[in-house]
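One chain, chain A, appears in both complexes that follow, with chain B as partner in the first and chain C in the second.
Now for the complex of A and B:
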């Protein structure tokens, strides 16, 4: 590559970086600015809005509920999807298409239509089982299916599942051992990706909770914004920063355990970054 | 030799009893019966789709037979799941667990067999030494070459001290030089530990080089089972003759227990073959080429069109006017036979097989 070409490429990269950075950072900066100003035009800078977050009981319980929902949804998704997908790939590969189709359906149905369908179910659940907000996890599980399926599918495609599981079986491993000690460690980044998407989706969900009359984080932010715009913006910024922090942590946790050295015949590349098609989630490298 | 004599005698007898397996309408195994003597290395050889891999997977417990029995060391294990069969396996595809070092890979099976940490580490070290990879114990799969990975896989399979060792084309992903070296190493290790071994391959050279006995399979059946020399020099069926080694298909006429090929009368392996036109299968090394003054054109006179130098021997292609014949002879004798030389074929009077079908001979 010539020097001028390299320079142009570098310039291009920097430009893209600055434009995209501005695109994301300007609104967040504006939100930070707004949430640290009082209500008057030239009011002195203060952290009242941020302090209000923890002093508004509704907000605290909504944040807790949303975090709990995120964890429950994420775990339920993994417990449901991972063994199913592994089993289908090993035993019934002809069903792969059908499973993929089923998992992608929620993507094609608008959230509002899904909710309308779920209202009677939730009425029944409220009466007969529980009226806890945590029952929303059921609806959220369906909501995150398409995204987490894609992430896990990419991870499963990156390993030779059949050979690895047969090797483990022949060495004396039961199916549970195969899953926990061979499959899971080798698709940790895909599992982290799927989990991250699920958490992000649940934390940002508004339609389901609002129409089913539950108060999760987004619904609470909406209420608070009616009375105290500063606090609602502060919560929104906090939620965003939380998601960023999560992303950073996950991208470090998901790294391969050893520095990658080149093998003699590079026919077997591992530690590949598994990312979602469409670039919903990228790995910070 | 029907028993691998060497080794500390850890081998057990393995019996496959009339195994049958179908996939939909396709028959993968049509009743395979095979007994491996303790410590023996048997190679199953055949074209792809002949059922050899199915046989191995049934023995490993990775698939279930439609009927038949698998007996290991006198115990019927037909319904025992793979993880409780005590069978070590090396796969065609690289199968090391990517998130574990070579050492941890070898330890994995022992851990599942409740071997204590100290004993485990010691045995894993011994195993890696056995395959010559002590220096690479802490490397991960992606840091090793294909040959090294397969050696670790072998060490891993043997570390659980399996009753039976199964090798599913372990060399086919490697390049030629590594392949022949690793092949000899597998044999050395197998003799050293004395484990009864089933080796599946489509490469006849591999099978003939390291097996005590070779089983040639075709369409779900065992065509012939015997020591490599017998398989090569006395093939029992036309399929074996044509699959193992090179064979000339020469047109001839069967008459009274002999076959007349271009005027040369050769004995038959099966003297009861009915009279009539037939295709005789003649090995290139049973064809010698003579150069003398008397080259009157006749059915046995041809012209050399190509010579291929194979090292100690050379393969010569002779144009007979109505087709070609391959001859193989020591290079020292083939020196004078350049392209264009007129030669006379001399067919050794070994018993020959008649091809099972009447399709075209190579010379027609």
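Now for the complex of A and C:
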């Protein structure tokens, strides 16, 4: 590579990083700036908007509801998906592709389209089961299915599931013990990944909640913005930073030492996931 | 680890162990025992049946029936109403524009990353951050841009004080150009994620080969790297198109009145009186969206398959 070409390349790289870096970081800085503005033109900066978060009952209940939903969705995802995936690998390997296909469907059906079909179902649930916001977990589980499937799939591919479970079974373990004391400890990082991405997705969810008329965190932020822009932006920043922290942990999460079976590919690549706003199949396998 | 276990049937094996376990679940030849292994799959299929396939079925059936349940195609001719055609046009325009900008921006960023140290901190930071930003959307993203380039946004006020008013004819942030600008925020990182593997597959030797044959930079891009990367680039652009085509939350937070794009029209139909009067229309719109996204995604998969022939 000639010297002038190397120089041009470096110049190009630096320009790209500065321009795009500004494009991505300035809006987040601007939100912080906006949320600390005083109430008048020349008023000094203050944290009133941040203090207002806890003094707005709607926000507090919405934050609680969203956190509860995140936990429920996460647990339900693990309870439903993990045993099914393990069982399919052990007993119905021919169904593996089918399960993968089903789990990835929500990526190709836009949330805004899926919610149209959910409305009648939720009308039935409201009348016959419960009108609690926590019923949203049913819908959210569908939403997180593709992402958690991929995370768990990576974890399961990295361990020798058949040998491990047979060893445990031949030593007299019941299936519950196999799951909890053999499978789960061997793929803890994949489970952590699947859980983190589920929590991040649920905390950022707006479409289902808004159109099924439930007030979760994002819907509440949207309502509050009509009254008090500063406070709503303060909550938005707080939620955003929380989700960023989760996702950053996810992408930097170290590979834990796993003595029994190797779990080298177990860490979940963010590269395989796609946007919250109704994304699609990430990268081709 | 403990000392190796004595050689009993427990350890010897894979073979004996697996047949023993398999036999426990499977019907033994000749016996009339029924297999119950499938029971383990029932919860998954019941759940996805109720919350994934049933909604899809509701959409398909609902779009083809009248309110009383008779077969009709009127819901689809309903899409031909001028305001819905306009919404589809706007949706396609926004998706195409934000996909094109996102694809070019993301490809440039990917090139800047790919030409750097493959194990460097910069690359790791950019790819991780892209993973995070590609997930970013909805209400918060809309707010971020309102706080930045909105009428009281910090960048707008700063530039206005310095003599540059980019809203000479009124605020365009809450209209199509604004949506395009905001969508690029999650399109560029998505492009980086999906396009970087293809760029990484380009080998420096190919450039050296071009040079040793007397070709310059132009020849290299025109005849070597360009044709190789084109299918992947096109495929990724399609993915970006589908991504913004199905986005709803950001637009909903930004645009409170009216239905500029299809997702907003669907939302209006779901929540308004007119929508309840014609429930089939929302379903046919939803079905139309699914079909568009499905077609675009299939094309993306086909193009990616072509790329995967030479990457790695």
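Here are a few things to note about the model shown:
The rule we apply is simple: the second predicted complex is superposed on the first by the 216 of 285 C-alpha atoms of A that agree within 3 Å, B and C clash if a C-alpha of one lies under 4 Å from a C-alpha of the other, contacts with A are read in each partner's own complex, and residues count from 1 in each chain.
Going forward, contacts are C-beta pairs under 8 Å (C-beta built on N, C-alpha and C of every residue); 3 or more make two chains touch, one makes a residue touch a chain.
In this text the structure is predicted, and so the values were computed from the model without any measurement.
When both complexes are overlaid on chain A, the residue A:177 reaches chain B alone and has no touch with chain C. Touch criterion met: A:13 reaches chain C, while chain B stays clear of it.
Look at A:78: by the touch rule set out above, it reaches neither chain B nor chain C. The larger set of touched chain A residues comes from C, when the choice is between chain B and chain C. Looking at the shared chain after the overlay, A:104 reaches neither chain B nor chain C. Of the two partner chains placed by superposition, only chain C is touched by A:91; chain B is not. By the touch criterion defined above, A:169 reaches both chain B and chain C.
Shared contact residues of chain A, touching chain B in one structure and chain C in the other: 163, 166-167, 169-171, 269-271. Residues 10, 13-14, 17-18, 20-21, 25, 37-38, 40-41, 43-44, 47-48, 50-52, 54-59, 62, 105, 108-109, 111-112, 115-116, 122, 126-140, 143-148, 152-155, 185-186, 188-190, 193-194, 196-197, 217, 239, 242-250, 252-253, 263, 266-267, 270-271, 282-283, 285-287, 289-290, 293-294, 297, 300-301, 304-305, 307-308 of chain C are the ones touching chain A in the complex.
Residues 159-160, 163-164, 166-174, 177, 181-182, 185-186, 257-258, 260-265, 267-271 of chain A are the ones that touch chain B when the two sit in their complex. Residues of chain B touching chain A in their complex: 60-62, 81-89, 91, 93-95, 97-99, 108-109, 112-113, 140-146, 148-149, 153, 156-157, 160, 166, 173. Interface of chain A with chain C (complex): residues 5, 9, 12-13, 16-17, 20, 23-24, 26-31, 33-34, 80-81, 83-84, 87-88, 91-92, 95, 99, 102, 105-106, 108-121, 138-139, 141-142, 145, 162-163, 166-167, 169-171, 200-201, 204, 206-207, 210-211, 218, 221-222, 225, 229, 232-233, 236-237, 239-240, 243-244, 247-248, 250-252, 269-271, 273-285.
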